[in-house]
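The same chain A turns up in both complexes below, where it pairs with chain B and then with chain C.
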Partner chain A sequence: MLRIVHYINQFFAGLGGEEKADLKPEIRTGPVGPGRLLQSLLRGKGEVVATLICGDTYFAEQPEEACRRLADLLFTLKADLILAGPAFASGRYGLACGEVARMALNELAIPAVAAMHPENPGVQAAAAGAYIVPCGSSAASMKEALPPLLALGIKLASGSALSPDVDGYLPRGIRKNVTADLPAAVRAVNMVLAKIAGRPFTSEIPLPQFDRVSPAPPVFDIRQATVALVTESGLVPAGNPDRIESSRASHFARYSIGGLGAFASGKFESVHGGYSTDLANADPNRLVPLDVARRLQGAGGIAGLYDYYFTTVGNGTSVQKAQAFGREIAAEIRSSGVKAAILTAT
Partner chain B sequence: MAKELEREGIPTVLLCNIVPIALTVGANRVVPTRGIQYPTGDPSLSREQEQAWREHLLMTALKALETPVTGPTVFPPDPKE
Partner chain C sequence: MLTVREHIVRDIRIGGENSLRDGLLTVAAEQILGLATHPVIRSLELHVARPGENVRIIRILDAIQPRAKEGDGVVFPGFLGPARVAAAGETHILSGCVLLTVSPLPRAQEALIDMAGPGAGICPLAKEHLLILEFTPVEGAPWGEYEAAIRLAALRIAAHVGGIARSAPPDRSLRVPPTSSAIGLPRVGYIYNIQAQGSFKDTFVYGRSARDILQTLISAGELLDGAVVSGNYGHPSLKNSTYAHLTNPIIRELLSRDGDDLAFGGIILKPEPVTLEGKELVAEYAANLASLLNWQGAIVTKEGGGNADTDLFLAAERCERRGVRAVLLMAELAGPDGRTPPLLGSPPEADALVSVGNYEEPVSVPSVERVIGGDSLRLADGPVAGPLTIPTAPIFGALSPVGIGSLRARAQ
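The block that comes next holds the complex of A and B.
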C-alpha cells in the first residue's frame, strides 16, 4: 500500500485566508481538503496517511526554514510519495509546492510531484529537478487537476522510466541519450525539406524563448548623471573573497571603487571560467573601464560613478539567475540615484 | 542583466563582442567590442592607443545611453579610432 503525504496551504486546509498565511508547518493525520478527493481516486492503491500544511507567506519568507521543518515532520512518516498542491495560479503557494517537491526528491530521495498552472512562478522548481504537472489556473479545475497529479506520482513511485512527452509533466531541462533511427544529417535535411514544403516538423533543439523588454528612456544629459559599472566578466578583488563560481554562478557581488582611479593588475583578477583571463588580468580595465571612466568623470563627461561596481560570472549561468541579479542590482542603484549603467560582457 | 536593468527604467549599454547573442536575447543598447577576453580593451595596441580606444568605446556607450531606442539597437564604434 502506497503511503502518500499531501502538502497543501492554509487556505486549502480550511484554516483561513491571508490572515492565516503566516502559519508554521504542521501535520494532520489522514487527508484534508483536496486530499479527500485524492483518497477517493486512489481506490485502494494507496492511502493519504498525512497532510502537511504551511502558510503561504510563512513559506515564501523563509523557504529554507519551512523546508527544514517539513522535512522534520516527514521524517517519521515513511512516505512512499509526496504530492503537493494543486497550486493553480497562486504564486506563493506554487513556489511552496515546487520547492517541497524539489526538496523531497533531491534531498530526502522521496518521489514527489507538484501540480500548478504552467505560468505559476513555482514552475521554476522544475529546472532544479522537481516533477510538476500542469493544471488549470483556478480551483474550479480541481477535479481535472488531481488525476494527472496522482497518476504521475504513482508511476514515479513505482520506479518506471518517465518522459515529459509521454507523462505530461513540465520539462525539467534534463537531456537523455536515445538512439535515433536515422543519422543526424538525414534528419536535418528531412526537416529542411518539410519546412520548404510547409509540412509540420519538430525541431530536436527547442529554441529558448526570450522576452522583449521595452527600452528604458535615455538619459537626458549624461554629463549630469551618476553611472554604475556592472560586469559578468568575473572581475573580483584578488582572492575572490565572495567565492563567485567560475561557471554557473549562484550569486553576484559588489565591491567598492570609491577613491579608486583604476583597477590595478594583481589587486583585481577575473575568475571567469569561460575564457582565458591572462590579458584581462594584465590590465583589468580591459574588463571594466574604470580608468577611462574616472578620466571622463574628471573632464565632466559624467557626473560620477556609483561607489560600487557589480560583478558576477556569466558562464553557463542560468537566465533565471541572471534576471534575479539584474533585478537586485537595479533595485539598489535606482534607490541610490544612479541614472544609467554600463555593463561589460565577455 | 542588461534587460532587467532596462526593465526597471535604468538605461543600460551592453559592451560585448558577440553581438548576435546580445540581440537575440534582447539587449536594447549594444556597443560591439573587439574581443571576448577584453570588452573594453585591445591588447594588440600600444598602451596609449588602447587607452584612446577605450575612451572612444566609452564615449560611444555614453552616447547610446543618451539615445532613445525602440528595440535592440547596435551603436558601432568608429573602427578607425
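The block that comes next holds the complex of A and C.
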C-alpha cells in the first residue's frame, strides 16, 4: 500500500485565509481538504497517511526554515510519495508546493509531485528538478487537477521511466540516456519521410537557445593596455604538470610567461586530443601567439602581457564547464587590471 | 548485384581446425598468428569474450566483422587485393561475431567494453561474440608503421575467418542491388560523413586515406565488401569503426524499405575537412550531388566530436536550401547531469534531429573478474578491474553516429 503524504496551505486546510498565512508547519493524520478527494481517487491503491500544512506567508518568508521543519515532520512517516497542491494560480502557494516537491525529491529522495497553473511562479522549481503537473488557474478545476497529479505520483513512486512528452509534466531541463524503443535508423527514416510529406514530426533534441554574449566595449587605447593570452588549445608545459585531460577537460591551468619571449618547442606541448599536435608542438607559438605579442609589446603596440597565460582543452568540453572556466579566468584578469584578452581556439 | 550470405555465429572456440558448424565457429590459432608476422609486431595474443561473460576489454582500436568473397574476389579491396570495385558475386559475412583489435597506441582515446552488467547494456559490441586480437609492438617501432601493420593484419584475419564460412550453409541471404528501381516513391539518400584528418584519425576508401578527397558516390555493396575501413582512434563512442561501416544500420534500413515506402537514392561518402572553407565546400558539393540525384530527403550522419557537428549542420543547411529535406543523427553534450544545452549551436535548417544519447552521462560499472588489453586505465584512477564510474563517451560504439547503439537521450 502506497503511503502518501499530502502538502497543502492553511486555506485549503480550512484554517483560514490571509490572517492565518503565517502558520508554522504542522501535521495532521490522514487526509484534509482536497486530500479527501485524493483518498477517494486512490481506490485501495494507497492511503493518504498524513497531511502537512504550512501558511503561505510563513513559507515565503523563510523557505529554508519551512523546508527544514517539514523534513523533520516527514522523518518518521515513511512516505512513499509526496503530493503538493494543487496550487492553481496562487503564487506563494505555488512557490511552496514547488519547493516542497523539489526538496523531497532532491534532498530526501522521496518521490514527489506538485500541481499548479503553468504560469504560476512556483514552476521555477521544475528547472531545479521538481516534477510539476500543470492544472487550471482556480480551485474550480480541482476535480480535473487531482487525477493527473495522482497518476504521475503513482508512476514516479513505482520507479518507471518518465518523460514530459509522455507523462505531461513540465520540462525539468534534464536529459537522460534511455534505451530507444526503435533503432535510430528507423526513427531517422520515419522522420525524413514525414518531413518530405509535410507531416508533423518532432525533433528528438530541442534546438538550442544560446546566451548571446555582448561584446565588451572597445579598448580605449590598446597601446596602454595589458593583454592576457587565453587558449583552449591544450598548450601546457612539457609533462602536463596539472594533468589537463585531452578530452572533456575538468579544469584549466595558468602558467607563467613572465620573462619568456616565445614558447620553445620541447618545453611546451599540446595535450589536446582533437587534432594532430605535430605542427603545434614544433612551434607552440602558433597555438598561443606569444612571439608576436612580445614583438608588438617591444614596438609599443600594447603596454604588456599579463604574467600568466590560461589554458584548457576544448574537446568535448561541456558548455557548463566552459562557462565556469571563463568566469574564473575573467575574474582573475579583470581584478589584475587586464584590459583585453586574446583567445585562441583550435 | 551483390548477394550477401549471412552466417550467424553463436559461439567461438580457438582450436586446431577451422570450421563453422551449427553456429559454432572454430578457428585454428596458428594460421591466424601466421597472418600477423611483421617486423614491427612483437606478438599477437588471441582471446575470446562472449556476451554475458564477466570480462572487461580495454585499449580497443577497431572492430571488424569477418567476411570473405565466394570465388576469386577480395574483401577490403585496396588492402587485401587490387582496389577494384566489386559489389558483385557473393559475400559471406559472419554475424554475431566480431574481431577486436586491441593494442597500446599513442593518442588513441581510451575505449572500453564490459561484456556483462550496465556497461554491456549500452554497448553494441557486448552483444557479439568477440575474437580479440591483442597486439604488442616491438620496442622502438615507429607508431605509424605499427598502426598500419596491425590494421592490415586484422583485415587479413577478418578475411581468413570469413573464409571459414564458405563451406557452410548460410542462415540468411540478401540481395543488394547497386541502385534502386523503385518508382513513384520519395527518393531518400544518405550523406555519410567520415572523419579523415590523417594519421590515427583517418578513414580509408579502397585503401587510400580519404583526407583530401571530395565526396563521392558509393554503393551499399561496396561498403559490405569492405571498401571503407577505419583508422580512427579518437572518440570511441562517436567514431565509425570498420564494424560500423560494414554493418551501417542507416544503409540497411534504406535498403530494406526501398520499394516499400521510399526509393533508396544512394550514398554520398563525404569527408569532414578541418577548415571551415573545406567544410563549406563539401557541404555545398554534397547538397549539389543530392539535388542532381533528385533526392527529396537525406539522412546525414557524422563521425567524431563537436568539430563534426559543423559538418552535419552545414550539410543540413545546404540541402534544405536546395529543397532536400534533411534529418541528422546527433550525440548530445548535455553535461554529466543532463542539464547543459545539448547542442553546440545550429542553423534553423537543422530542425530534424535524432538523438543517439548524451556523451557525458556517467555510467557506473561493477568490478570484473578478467581484463583483456592492459593492466592500467587512463580514464579513471584505481584498479583496471575495479568498479568504475565513467562517462558514456569511452564505451565503444555506445553513441554511434550511424546508429549501431541503442541509446537516445530524453527529457526527464
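The definition used in the following text is that the second predicted complex is superposed on the first by the 176 of 346 C-alpha atoms of A that agree within 3 Å, B and C clash if a C-alpha of one lies under 4 Å from a C-alpha of the other, contacts with A are read in each partner's own complex, and residues count from 1 in each chain.
Methods note: a residue touches a chain if its C-beta (ideal position, glycine included) is under 8 Å from a C-beta of that chain, and two chains touch if they have at least 3 such contacts.
Source: prediction; values computed, not measured.
In the overlay built on the shared chain, the residue A:283 is in contact with chain B alone; chain C does not reach it. By the touch criterion defined above, A:329 lies against chain B but remains apart from chain C after alignment on the C-alpha atoms of chain A.
In the superposition on chain A, A:168 makes contact with neither chain B nor chain C.
In the superposition on chain A, no contact is made by A:337 with either chain B or chain C. In the superposition on chain A, A:275 contacts both chain B and chain C.
Look at A:188: by the touch rule set out above, it reaches chain C but stays clear of chain B.
Residues common to the contacts of chain A with chain B and with chain C across the two structures: 210, 275-276.
Put simply, chain A touches chain B in their complex at residues 210-222, 225, 227-228, 230, 232-233, 275-280, 282-283, 285-289, 291-293, 295-296, 301-302, 312, 314, 322-323, 325-327, 329-331, 333-334, 338-346. Within the complex, the chain B residues that touch chain A are 1-17, 22, 24-26, 28-29, 35-41, 43, 51, 54-55, 57-59, 61-62, 65-71, 73. The residues of chain C lying in touch with chain A in their complex are 107, 109, 121-122, 186, 188, 197-201, 234-235, 249-250, 252-254, 257, 261-262, 274, 296-299, 305-307, 325-327, 329-330, 332-346, 348, 350-361, 391-393, 402-403, 405-412.
On the side of chain A, the complex with chain C involves touching residues 161-165, 171-180, 183-189, 191-193, 195-197, 201, 203-210, 246-248, 273-276, 315-316, 318-321.
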